[in-house]
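Each of the next two complexes has subunit A plus one other chain: subunit B in the first, subunit C in the second.
What follows is the complex of A and B.
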């Protein structure tokens, strides 16, 4: 929430900015700059990087992370967290895949099914967190185990084979993109745009910042905290369901039990790199999108440079620290001002 | 927490905090240890009945229970590491313990197997290396002000990556490490051993010494008192003259050292150093945090006891072992997930309800909703 101009802000302006999230945050500018530098460097050292054949797949992989990242940004803005994302992806993906194999359903029905399953699981998280009044990390650790159990039961100790190409709209192939833009990435961008508008201009969206800033004060100010929280976790689940469709579509015709594993931490990494404060009350979905692109750029870039693939995650860790560090420094400067 | 106006009820509360009185006074803590013990007894009785009726796929007896303790050691130790970190407050949590286990295991194997150092030197160096990894977490969190979730998420990725890269994703094994397997396997105790089941040696060589030291540090030293103080109220602790940064950093260093020891243990347990030992599947950090929470450690800091950790880990290990006897095969492994989730959710929802009831009933204390008392800014 740094000012873009260098003028000393009037007190009134400060209070307004604290209420309304800024159009563009300092974190987003930093991220754009870092991304630009990385892409130029990768373009110089690996000539294949800045080609449509390389950027397209990268954006396809960004899409599910950015999409769930939108929900996770909402969650973290309310000072919560959701570590059950991997479980929700697994349940949505395996049920949808089984239905696709067993029945001749149209793509739209499969997508709707996945979203409904994800939303139902998210609603369980939301109800337990809002009305059980237990810290979200504990609840979602618990439900994560339940969801993984449920997913593995549906897998029934084997893989789901012979998934038809019903969901090719989201896939890597020619049917999965228009004018070179992958549909899944376009959907993620639309979701980010809607969420950006929602957080900034809708009352319900701004309420989320209030809840994250001080839940007790938000309640006293007349915000229906508990329904809002249920809604936020439900949204994350629904988006995880949609992301599960993208993951099915970009995979092979076989779905195995590792689907979704580790995604929860990748999504959280994208959100915090994007400048959303883990303490709640501050954050932006545009930053999350940039954060997701940054994480995937680093991972893909390391592979394309011919370095060990695993080294990419060392850089992801370092980028988390740098991104949050610059945010901490600006936060301190702002408090001194 | 001394009250200025005293009612008869307050007077009792406001007396100098004798530790015994404090422990007895805080009903939830006592409840938690008793609750866990009761659950363990219920489990053993229920399983004994099933065993007698013949519904189990194997014998449920003391030998079986003792043999499962080999999985108890790393779980209890890592939950203890989380106890230190979570109790230090301000959102304290360590997602990187699993990665530290992997990395120190690899480093230990390199020192012991490939560099040929003597065993004690290798172990000490591995634990010190773990402490160094923890110090990175601690420095970033306590001195630079990173939220612990962020720090340890970043180092989770970083340490895991380093472990996989330096080992070239291959497990390290060799004659010396195979020999070292003896440090974890089951043994018959001298003198009284004949009448007792075979207990894995790791319980005596790793868990009990650490547990004794941890109990002493937490309950009998000024450091322990400072740790609970900063976790309860960071600002008050600062005003009381406690170096909160140093105290908090030491909690992360301790967690790193314990993770280093678990790294050595896993090498002994599997007779090879697997670079993904602590991070494969859902990793070791999430179960460790789950056990800590189940054992009564408050995620908001300041509350947590060793007894809860040891009992909670025991409950989960024996519950998992029981499930494998009743539900055979893959379904059993899956049912363990269900059981862990149900127990965690049940325990946390239940204990939260009792805490709120106590707060509502206690005069002179604001009945703060548990969710409103999250990480202090």
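What follows is the complex of A and C.
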């Protein structure tokens, strides 16, 4: 008896360690290796791929995708999806841009505004999905159209011209980097680090995996599924709002209605290539960051090699299919075991 | 469960209502003049000519500027101007609007067809109903259209882009083109002229690459950055459409290479103004879009009155001093493209 009670905490600690996935998963190692090989090859076969003037802008371009990718990874881990990202970016960006043009606001106020707008739109998604119990792809497809309508109303048939350089802190220019590190990319890396810790060690983060694995079982286990889902979509919206500021900063002084278009698919591509299972229950934000860098490396690499632009689509498509394919094979192996 | 289903239903209903309302408001607001049955001429009274224009897409700055020009012509020349287009660049939706104008029995019908081939039989239908049919902005060459109001010739655009860029580059050097849609016929036609004209007129200049960024400004900027990196001796960039023209200029500004790499592009004056002022863009080549709308209205009046399109003496608008009519092809040309620079770009409000 005494020995058992003495040993009791020990097996618990062991099992706790066992249920946590390894710090770096297989997919992340593969991605790192692919990236390393590509960067070395591009360094050899192009004149300037590995120079600060090339890598810097590449990372700036990656930042908004990786940032929204953090939220999207949460969403996909809960077996959901959010295809309204483009709409949320458009609304946040056009309102923020109009405010920047019309009023002399400091950067911090503009960023706060964009985040609040994105969070509000994300909360609409979250509430509809958590309490409406309709599949997230249908809900966010619907809200996506509503958001696009809303954004176009704010555009009011004209572009937003003469956007001042208030947000240049996030931009490609000299004001956008410190010691060669672009601020926007640094922010994305911090977001990824926080999210990595959250998913691994926080109870609320672990709950997301449980919800994605089996929502019904998670509810029976006492997890407050609905508030968690609202929170996850709200976070995605807030991050889309922050990303909208980066998109304004990296764009031109004119904002037109194409802002955000196609971003939802770029984000989902980064998440899927990063090894997050589209079926839910598994995924990593580090993989998403690497996936986003890989996609932009391919697109920039194709341009810098002087190859036809369309090859970028071919390669990204192959990466997505390989990532999903290996995930499904792994899933089948697990079911059989 | 029941309650949540009710809530879902209510949400679905309100969402549907929102969509319907959205459709209504966005359709009514810009096209107030398109109320059916309003056949009475607005002000002038003497002439009861109704001229309808169906753009590719309603609500984008380009066609709104054309609409502004058309309205101005209606006021000055005394006719009723109707303007309605689809909310997406969709050939079927556009066909429905054309049909409704045929039913209304307008006098003249102008179309900027999304799909020239599928529009041709409809134009025939309109003509059979006694309507004068014509195209503007985009032609339907194999149709019964009486005239095509053209913004600029393919040669005019391609040559002006090349001349403006090479003037900035000093007549020689390597340059690259950042285009948009890979299958956009007008962009590809201009690029073809640029290639031929560069080869024949500027033997010391060379186009090193042509890339396609879609309608995505940030992608255009990134690709321009990549091109500057992969071709260190690159001294010129062309932004082939209204999203990539400011995009390539932004890339030059971000890379801090103003004065080393020169850019030109097809950009709207307002979007190009900051870059023209900073020197990141040397010139923007486009046409006066409002003047194109005005010319469309004028051509409509000529068609309705069976007037002579070649007699442009009644055109008093200064922007229309170089209009040319080619009787053989039925093309009414606005004139050579407009070159926007830091000096004149601020005069336009689109």
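Quick note on the criterion: the second predicted complex is superposed on the first by the 305 of 337 C-alpha atoms of A that agree within 3 Å, B and C clash if a C-alpha of one lies under 4 Å from a C-alpha of the other, contacts with A are read in each partner's own complex, and residues count from 1 in each chain.
We take it that a contact is a pair of C-beta atoms (placed from the backbone, for glycine too) under 8 Å apart; a residue touches a chain by one contact, two chains touch by 3 or more.
What you see is a predicted model; the values in this text were computed from it and never measured.
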{"item": "Partner chain(s) touched by A:207 [first = subunit B, second = subunit C, both, neither]", "value": "neither"}
{"item": "Partner chain(s) touched by A:159 [first = subunit B, second = subunit C, both, neither]", "value": "second"}
{"item": "Contacts of A:256 with subunit B and subunit C, given as first, second, both or neither", "value": "second"}
{"item": "Touched partner set for A:96, first subunit B, second subunit C, both or neither", "value": "neither"}
{"item": "Partner chain(s) touched by A:247 [first = subunit B, second = subunit C, both, neither]", "value": "second"}
{"item": "Touching partner for A:125 - first (subunit B), second (subunit C), both, neither", "value": "neither"}
{"item": "Contacts of A:78 with subunit B and subunit C, given as first, second, both or neither", "value": "neither"}
{"item": "Touched partner set for A:305, first subunit B, second subunit C, both or neither", "value": "second"}
{"item": "Touching partner for A:171 - first (subunit B), second (subunit C), both, neither", "value": "second"}
{"item": "Overlap of the subunit B and subunit C footprints on subunit A, listed as residue numbers", "value": "128, 132-134, 142, 145-146, 149, 152-153, 157, 261, 310"}
{"item": "Residues of subunit C touching subunit A in the complex", "value": "4, 7-8, 11, 15, 18-19, 22, 26, 30, 59-61, 64, 182, 208-209, 211-218, 221-223, 225-227, 229-232, 242-243, 246-247, 249-251, 253-256, 268, 270-271, 273-275, 350"}
{"item": "Residue ranges of subunit B touching subunit A (in the complex, touch as defined)", "value": "91, 93, 95, 140, 144-147, 149-151, 153-158, 160-162, 164-165, 168-169, 281-282, 286, 289-290, 293, 299-300, 329-331, 334-335, 337-338, 340-342, 344-345, 348-349, 352, 356, 369-372, 374-375, 377"}
{"item": "Complex contact set, residues of subunit A against subunit B", "value": "79, 81, 83, 86, 128, 132-135, 137-139, 141-146, 148-149, 152-153, 157, 215-216, 261, 265, 268-269, 272, 278-280, 308, 310-314, 316-318, 320-321, 324-325, 328"}
{"item": "Partner subunit C, residues of subunit A touching it in the complex", "value": "46-49, 51, 53-54, 57-58, 61, 128, 131-134, 142, 145-146, 149, 152-153, 157-159, 161-162, 171-174, 247, 250-254, 256-259, 261-262, 296, 299-300, 303-306, 309-310"}
